[in-house]
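All chains are identified by letter, namely A, B and C, in their written order; residue positions are counted from 1 within each chain.
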Amino acid sequence: MARTVSTRRKLLVTALAWAIGLLIFFPILWTILTSFKTEGEAIALPPKFLFFDWTLENYGIVQERSDYLRFAMNSIMLALGSTFFALVIAIPSAWAMAFAPGRRTKDLLMWMLSTKMMPPVGALVPIYLIFRDFGLLDTRGGIITVLMLLNLPIIIWMLYTYFKEIPGEILEASRMDGASLGKELLYVLTPMAIPGIASTLLLNIILAWNEAFWTLSLTTKDAAPLTQFIASYSSPEGLFWAKLSAASTMAIAPILVLGWFAQKQLVRGLTFGAVK
Amino acid sequence: MATQQTRALGKLAVSPSVFALFMWMIVPLAMTIYFSFLRYNLLDPNPICSLLSPGALLDAENRCLAGITNYSYFLTDPAFFKAMGNSLKLVGWVLAISVVGGTLLALLLDQAFYGRGFVRIMMIAPFLVMPTVSALVWKNMMMNPVSGFLAYLFKLVGLQPIDWFAHAPMTAVVLMVAWQWVPFATLILLTSLQSLDEEQKEAAEMDGTPPLSYFWYIVLPHLIRPMTVVILIETIFLLNVFAEIYVTGTAGRAGNLPFLVYQYGLIANDIGGASAGGIIAVILANIVAFFLMRMIGKNLDA
Amino acid sequence: MGTISLIKARKAFGDAVIIPGADLDIKDGEFVVFVGPSGCGKSTLLRMIAGLEDLTSGAIHIDGKDMTNEAPSKRGLSMVFQSYALYPHMSVRGNISFGLKMAGLPKAEIDAKVAKAASTLNLTEYLDRKPRQLSGGQRQRVAIGRAIVRNPEGFLFDEPLSNLDAALRVNMRLEIMQMHKDLGATMIYVTHDQVEAMTMADRIVVLNRGVIEQVGSPLELYNRPDSLFVAGFIGSPKMNLIQGSEAKKFDATTIGIRPEHLAISEKAGTWTAKIRLAEHLGADTFLHVDAGPCGMMTVRAEGEYDATADAKIFLTPEPSRIHRFDKDGKAIRK
């Protein structure tokens, strides 16, 4: 791109892009704004944009009444735990598929992906019963296992596409240098794939954080993450928009902030490594 | 290209995930299939079915075998057809919106303008929002017929505000699910656009290609592959949309197949019926998956 | 010490046979070059020796011991890859020392060996840099350094110079030859460039479609090619190959004569020819001529030959330099 774009055109595109960007972002922005209003101002007509009495009281009330921190803690544990265990299993698998492929490797990859096509409802009843019988309902360990299995295919697929970009000769060089498989993975492959692993990690945290079907079905209180916390606002408190907004903001803020700081990895991660 | 030793190690390395996924797929599926042939209600685990239908067969836990009753019941339930229709409508509409909208937004974001990084993150943001939050925010602050923001906008231009969830629940659900998934499509297509060879652009320019032909003959073919990725991944998630319906309480009119099964199972406690529904959902998903996989399989080879 | 033997070494993927069965004995301290067109199996053969590919059947003996099923790192061989295959996330020091670290050597010993290798290869001041901060030639040196420190019985080079520019390639060629002289270790070097093969090798192994066509010293191959393939592959510009009636006169299906073994005259000679193109290299001039029944031929004229297009010249081959081949492309010896 050696040429400059005319300023007029650039300004025009800028205006259009910002307008559309703000439009798409508006529901989130509006939620954040509303969370700082009083209940009266929250439903005031016409709506108040910036000139209202900014207050933090909603946040205090929400924490006090619904114990936000406990749910948030669960969300963090579930997201990190499931991601960690999934990576531990997925890295060797993706290595094998990328660097020691057999005739069935592509089929295997497709099969793994196809497990994602299975609707969770098909497994809901038995999983629910198994969890009930083994006392796993509403436990962190149980949910972590489910979330891990849920995202494992996508993680393997992503890692596979990232690993494929690494020249096999480098791994062979390490084999000539006498590295065992464990050392090859630990000292050579993993450090080289850090960007890809970071993207995978980030995406998986987001998917786990936002997963609602299993967390809503299998938790009630002790292991309940923020999806449950928000769902508890669905009927009666729906009327109290300022508090609902505060709760919503608190539920999505960690991921928005994470996404903000790790934009580059996120962009790579969101494309599932499938598009370069 | 690898030695047998490496390949053997490879098999070992792959086996934990294959085992885990196999168990995750096969055990629940087998149980679901079994349950689907039982008269099995959680509230009443051992119905005295021998009284109701003398001579009925019992399994080891004294549950009555129901034959295909559950299936015939589920398949003739008017709610089933409605739910299936809703599922298809939801997937179809959201896919259409996100592929078309995503392409347009990606083309826009590919232009040079001030604050591109910031606009990009604003456009990604909806994808990061928890579905339950998105549902609640749209249901209340955006779509409430009295004080919702959309109602305010409608009144501003002199229109009658719509009571979305009462009169157009499907549209409402499509709108809010699309809001979450258009950003995803945008991002994938944008990444792909940016990988378009600069020299190709220049060659097209030297040939004097008009912008529309340029888009049609050069850009669009380049986007076909990422579009299939968008379609594959979105279909997986869209077939299983649940939280939006659970939270907005639109089950009656916009409920999809996953939600219907949930209703059968965890609300009505009819395990047999829910299992039959689950199996039907699995079969339908596999039909869709079959075509999708063939499509994406071709792309993986490329 | 570093003798390497291939005994009926065979490689096949299902029905696709890459190497039908190769026999070769490499002496200790020898510099052997595998040469052949791309896809001829030379890299596969090298990787089989390295242990990066299995043998379908047959055996590989290194230093007299059967190493057919031994892990790559246990064979006492080092390899320099075409892409260098440096660890991008490690410094030059890390790259060179990785193998020693894997072998569990004490730190002091590793440091000493790295320091020595670095100083021989002029890498001392770059030890803390990452590979991406180095030039192509420096990366090449790091790859060699990584091979050297392990003090192997033999070195394997897989087209190591193909990513360098022409000038650097000549330099590195000399350095590798010097290294061979200093270390006295066995070296196997794979290339598709016959000039590299001719200049570097003690012995050249010419491969064609997985089959060893001929093994011999550079001059043996140049003077007495066993087959049409070797005749055409070794030497630059290529040997002129003539078929038909002219070949019949010599009792052969095909005869070959190198461009440098044709005498040019403006008055008389065995064949008449018309000059089509001339390539002026300064020291030599290559004439591309149309020699009627003999077809297109290349002729070397010494110095600056004043060639006019379509001028008629006479060519006379040196009789002792005519190579004769039968219908299977095998050399006919007297």
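Things to note:
The definition used in the following text is that a residue touches a chain if its C-beta (ideal position, glycine included) is under 8 Å from a C-beta of that chain, and two chains touch if they have at least 3 such contacts.
Predicted model, so just to flag it, every value in this text is computed and none were measured.
Taken pairwise by the contact criterion, the protein chains are fully connected, each one touching every other. The largest tally of C-beta contacts between two chains is found for A-B.
With centres taken as mean Cα positions, chain C sits 53 Å from chain A. Averaged Cα coordinates give chain B a centre that lies 58 Å from the centre of chain C. Between the CA-based centres of chain A and chain B the separation comes to 16 Å, rounded to the whole angstrom. Within chain C, the positions touching two or more other chains are listed as 52, 71.
Shown for chain A are the residues in touch with two or more other chains, namely 175.
Contact with two or more other chains is made by residues 1-2 of chain B.
Per the touch definition, chain C reaches chain A in the complex via residues 50, 52, 71-74, 77-79, 81-83, 85-89, 98-99, 102-103, 146, 150. Chain contact summary for the complex, chain C toward chain B: residues 47, 51-54, 71. On the chain B side of its complex with chain A, the touching residues are 1-2, 6-7, 9-11, 13-14, 16-18, 20-21, 24-25, 27-29, 31-32, 35, 105, 108-109, 111-134, 136-142, 147, 149, 152, 179, 182-184, 187-188, 191-192, 195, 198, 225-226, 229, 233, 236, 239-240, 242-243, 246-249, 257-258, 261-262, 265-266, 271, 274-275, 277-279, 281-282, 285-286, 288-289, 292-293, 297, 300. The part of chain A that touches chain B in the complex is made up of residues 1, 5, 10-11, 13-14, 16-18, 20-22, 24-28, 30-31, 34, 43-47, 89-90, 92-93, 95-97, 99-102, 106, 108-110, 112-130, 149, 152-153, 156, 168, 175, 181, 206, 209-210, 212-213, 216-217, 226-227, 230-231, 233-235, 238, 241, 244-245, 248, 251-252, 255-256, 259-260, 263, 266-267, 270-272, 274-276.
Listed in rising order, the residues of chain B touching chain C in the complex are 1-5.
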